[in-house]
Amino acid sequence: MVQAPVVGSTGYPGFNHLLALRSPEIADCAKPGQFVMAGLMDCASDPLLKRALAVYSIPRPAGDGSILTLLIKVVGPGTRLLAALREGDQVSMIGPLGNGFDTSRAKGRVSVLVAGGVGIASVFLLARELSAAGEEVHLLYGARRARDLVGLEDFQDLGIQVQVATEDGSRGSRGLVTRILEPYLRRYPAQRLAVYTCGPNPMMRAVSRLASTHAVDCQVSVETPMACGFGVCLGCSVTTVRSYRLACTHGPVFDARDVVWDTATEGEGIHA
Amino acid sequence: MVQAPVVGSTGYPGFNHLLALRSPEIADCAKPGQFVMAGLMDCASDPLLKRALAVYSIPRPAGDGSILTLLIKVVGPGTRLLAALREGDQVSMIGPLGNGFDTSRAKGRVSVLVAGGVGIASVFLLARELSAAGEEVHLLYGARRARDLVGLEDFQDLGIQVQVATEDGSRGSRGLVTRILEPYLRRYPAQRLAVYTCGPNPMMRAVSRLASTHAVDCQVSVETPMACGFGVCLGCSVTTVRSYRLACTHGPVFDARDVVWDTATEGEGIHA
Amino acid sequence: MPDPVSLAVKISGIRFKNPVLTASGTFGYGLEFTRFFDISRLGGFCTKGLSLLPRPGNPPGRIFETPSGMLNAIGLENVGVEAFISDKLPRLEPYGTHVIANIFGKSIGEFTAITDRLNPCPKVSALELNISCPNITEGGIEFGHDPDLTFQVVQAVTRVSAKPVWVKLSPNVTDIRIFARACQEAGADAISLVNTFVGMSVDVHRRRPMISNVTAGLSGPAIRPLAVRLVHQVAASVEIPVIGIGGIATTRDALEFLIAGARAVQLGTANFSDPLASLKVVQGLEEYCRSHGIRDISQISGSLRTRERPVPSRAASGDA
Amino acid sequence: MPDPVSLAVKISGIRFKNPVLTASGTFGYGLEFTRFFDISRLGGFCTKGLSLLPRPGNPPGRIFETPSGMLNAIGLENVGVEAFISDKLPRLEPYGTHVIANIFGKSIGEFTAITDRLNPCPKVSALELNISCPNITEGGIEFGHDPDLTFQVVQAVTRVSAKPVWVKLSPNVTDIRIFARACQEAGADAISLVNTFVGMSVDVHRRRPMISNVTAGLSGPAIRPLAVRLVHQVAASVEIPVIGIGGIATTRDALEFLIAGARAVQLGTANFSDPLASLKVVQGLEEYCRSHGIRDISQISGSLRTRERPVPSRAASGDA
């Protein structure tokens, strides 16, 4: 566990917030798709638990600066308190946690990153790593409305191709992000493609289904409630075809084929 | 209930803090010895209850500026969160509450204000009102050590006489404030004196006893736990010679002769 | 113009303009809140618990804050039923809200005597029996911890009462359904659930109890999950309506109880830190109904859906 | 040099270097915490509840945060006693801390079968029976909600166990002393108190339970006052030592339990948000003893002082 001082805090539209923290321990070794458990120091007991947040970015090359950023969408008390922090405040963090994306078979493939809402936070490091390795990377980014799109410039700066879909049509294509995904799945042979997705569960379910129809490899980064983040509470189980798996240690990234989507419990009503 | 924006926040030694709030509703009508219940807006549920804080100062003449200040000693989570507020933050307040000091018989008497620690917060308005009315006012101020003495300059600015006692002798007389009180009680005839006291319970108990020995009128401003501040929870009872009385509505100021000091329940171990 | 939303509910034959009430011991005699808002906006409120004679309550050290909750052992300090009738009730006349008289006694005779006194008071809409207090004639056993005593006291009161009788249950029991059914059989018109949970705190520096009475009742958001569960359980096992209480501070909290099976709710501890909390819940429920396309709040009561979920094919063999 | 402070306590014949343990289900199998600190610093820890066969646990929707607490219905997912013995226990050898095996079964036979399996394992110092689970042979009644069943299961285990037997009681009962005494009579060596309180939460937008199992166990600071009171009550009614559990996160919290009568404490939910919480309590207790002039932590246990207070002369006549 580390205590990390806040070194920057920037508000974005759509209740999004970028928090920069100095933490060499985490910044120096976080991999794409990993996350931290972040909490307020020395606070009273409500909120009680730390909050899971993807490592949005770390310095490049690693080790240079030790600043890591978190992209936070304010949805409840925990995220509100984190977003209200100012320079000099401290955050208590555990991490990096989770398996992260598997890029061992990414070489030579077209990587299609499909992000929804604040799910974008989980794929920035992935985009950067893949494009630095010289792979072809596309970001397909969906949101309710234009102002919910956050971090677009960071991806554009990487020089990767970015396409946007908004449900209300206020930017990019109108409709769900799956609409702009489908043409990709048609355009390339299945074995030349790799899909990585993070976003609301209904979106990931739809992306998984599409990828499976086209027999394309797809990794999903799931979101579940988490109490600990390091495999002891057993609260973050995900139903997979063979067993329950822990999102925090076995995941949060799973092969889309393994996940049994569960509309009853996976909060589409909350974060969607 | 009012939402008051923070317009100033200043740290003092000894974990003391001065918070300035814009609240015409309260600033325009608070009387010496009254208090407010102050809480964080829209926070999670721990801390759950508002905190009782004396109105330290209001503009003079009343109505001019609408800023009220609270002098807060950080002793736990509630006071820590209040002290951490910055300009632009909001505080939710109920007040002014309580009876305040009775100055109807102060005319022509020497007023001796005996304060201990942050109890000083309850007597500044009193000192100002009495000295503005042309009465002779003395402040006897006791604390553990020099750095726990706060607000001294404000009293000196009023032109009243100030004497200090610290337990470690780091400023003023060494010892308890009762030591510097005793000479006053001897110097003047009882009916020419009026004692007003606010501080830790053991101090007030000692002051009450001294006043009673010398047959001098004494008003004490007591501190009890409070859940509501406006007379409905019945949690703030004070044992008086005839009955339990509520500190929030019947008090916090009581005639010292009426109070039955209760060492078992009145937190000498906590704030002393 | 948006469709009108009906927040009205009927409990024990009484129509409440909305399902939001305030809980006994947290709203004084109602009058204390008129400085904050027009209490006619509420469905109703429960008075501080009334006894036959006035009571001074417990020595100081009555309350202590705990994480998301508070302990209280006020000792049922109150003005007594006579003073309530003569001093408080007339001043409540102008307010168009239901006054529920919360009453308690140390014997069945005391309960019925208080009932007799309140029977002729038209401004009192219903009685709420607080049976979480020791019955001195039975050697100090709490009425609310013995199903037979519960039955007896409720039956005795319903027999003499001219008004509907609600019974407020203690949550500190192994199976609350037994008590709820006893109330129903004894003729109770509604169940108020929950009273406080027994707790305690220690001053670790002085090694003394924080509360003079040593033990005290825990209330506030901390107990909400416990209360929601009890309301859900009781609503499924009796026919009479259940009024949900315990840690309600916001509209969301109130909805948890309604969806779990409560017909109405009471806010308690929340009134201390935000005297306007109950009013905000009235407004919030209206907005919720509007935004969820609900015409009538009673549609929500007990509308909790539980359904099957997929399980991994090998889960039963347990390789997790 | 300051006087040395002894934090050592003896429970059921075992010497613990300090009275700080961690609670079952919140500390994995111990190994998960070695990345955070040297677990040999703890008095001991309780394993995740072990069953005869591995269990997959409940479907997702297993936890939900509530005010100062959390609900969990993990469904007792665990690797099973065999895998614990073969995969986990050997890796715990290097750590100089007591391993308490928390076990549960659906029948008395399952309890004794697990006991038999653990008897030959020297690294297991004691058993902690979790009796808050339904007994299938008795039609699903919880062992811990029936004093006779409690007696039977405890007696059966103590008869076959080569190790001290602690019993972890459910707090969801009317009078916990009856259960504690049943344990003592059945030969239990200590009582662990409390397990979680039954609660529930509702997703008000989807009108579904937040937890797939509908009801779940409430833990965390929210329940601390309730747990302190139960520990105080039980410590006064049995001779065997009581281990205090429930919402402990800081030294102050641990002291509340010790002063109220516990011989040792366990930290549960606190391990999630601060994996170092238990270590900090070890350090904090030492500082507390030093600053309060206490040589031996056992002096603190049960040292709560209650005493008389002055009352107003006319209080009894009730003019308040």
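Should a chain be cited, it is by its letter among A, B, C and D, assigned in written order, with residues numbered from 1 in that chain.
Quick note on the criterion: a residue touches a chain if its C-beta (ideal position, glycine included) is under 8 Å from a C-beta of that chain, and two chains touch if they have at least 3 such contacts.
These numbers were taken from a predicted model, which means no experiment stands behind them.
Taking the definition of touch as given, a chain qualifies here only if it contacts subunit B and subunit D alike; those chains are A, C. Counting only chains that touch, the fewest steps needed to get from subunit A to subunit C is 1. Set against the C-alpha centre of subunit A, every other chain centre is closer than that of B.
Spacing of subunit C relative to subunit D, judged by their CA centroids, is 32 angstrom. Chain centres here are Cα means. That of subunit A falls 52 Å from that of subunit B. We define each chain's centre as the mean of its Cα atoms; on that basis subunit B and subunit C are separated by 37 Å.
In subunit B, the residues that touch at least two other chains are 44-47, 237, 239, 243-244, 262, 264-265. Within subunit D, the positions touching two or more other chains are listed as 56-57, 59-61, 67-69, 77, 205-206, 208, 212, 220-222, 307, 309-312, 315, 319-320. In terms of inter-chain touching, the protein chains here all touch one another pairwise. Against subunit C, in their complex, subunit A makes its touches with residues 44-46, 237, 239-245, 260, 262, 264-265. Residue ranges on subunit B touching subunit A, taken from their complex, read 43-47, 77, 81, 86. Taken together, the subunit D residues at the contact with subunit B in this complex read 67-68, 221, 307-315, 319-320. Those residues of subunit D whose C-beta lies close enough to touch subunit C in the complex are 53-57, 59-61, 66-69, 71, 77, 80, 145, 172-175, 197-202, 204-209, 212, 214-216, 218, 220-226, 228-229, 232, 247, 252, 255-256, 259-260, 288, 292, 300, 303-307, 309-312, 315-316, 318-320.
Only residues 1, 39, 44-50, 92, 94, 224-228, 230-239, 243-244, 262, 264-267, 269-270 of subunit B touch subunit C when the two sit together in their complex.
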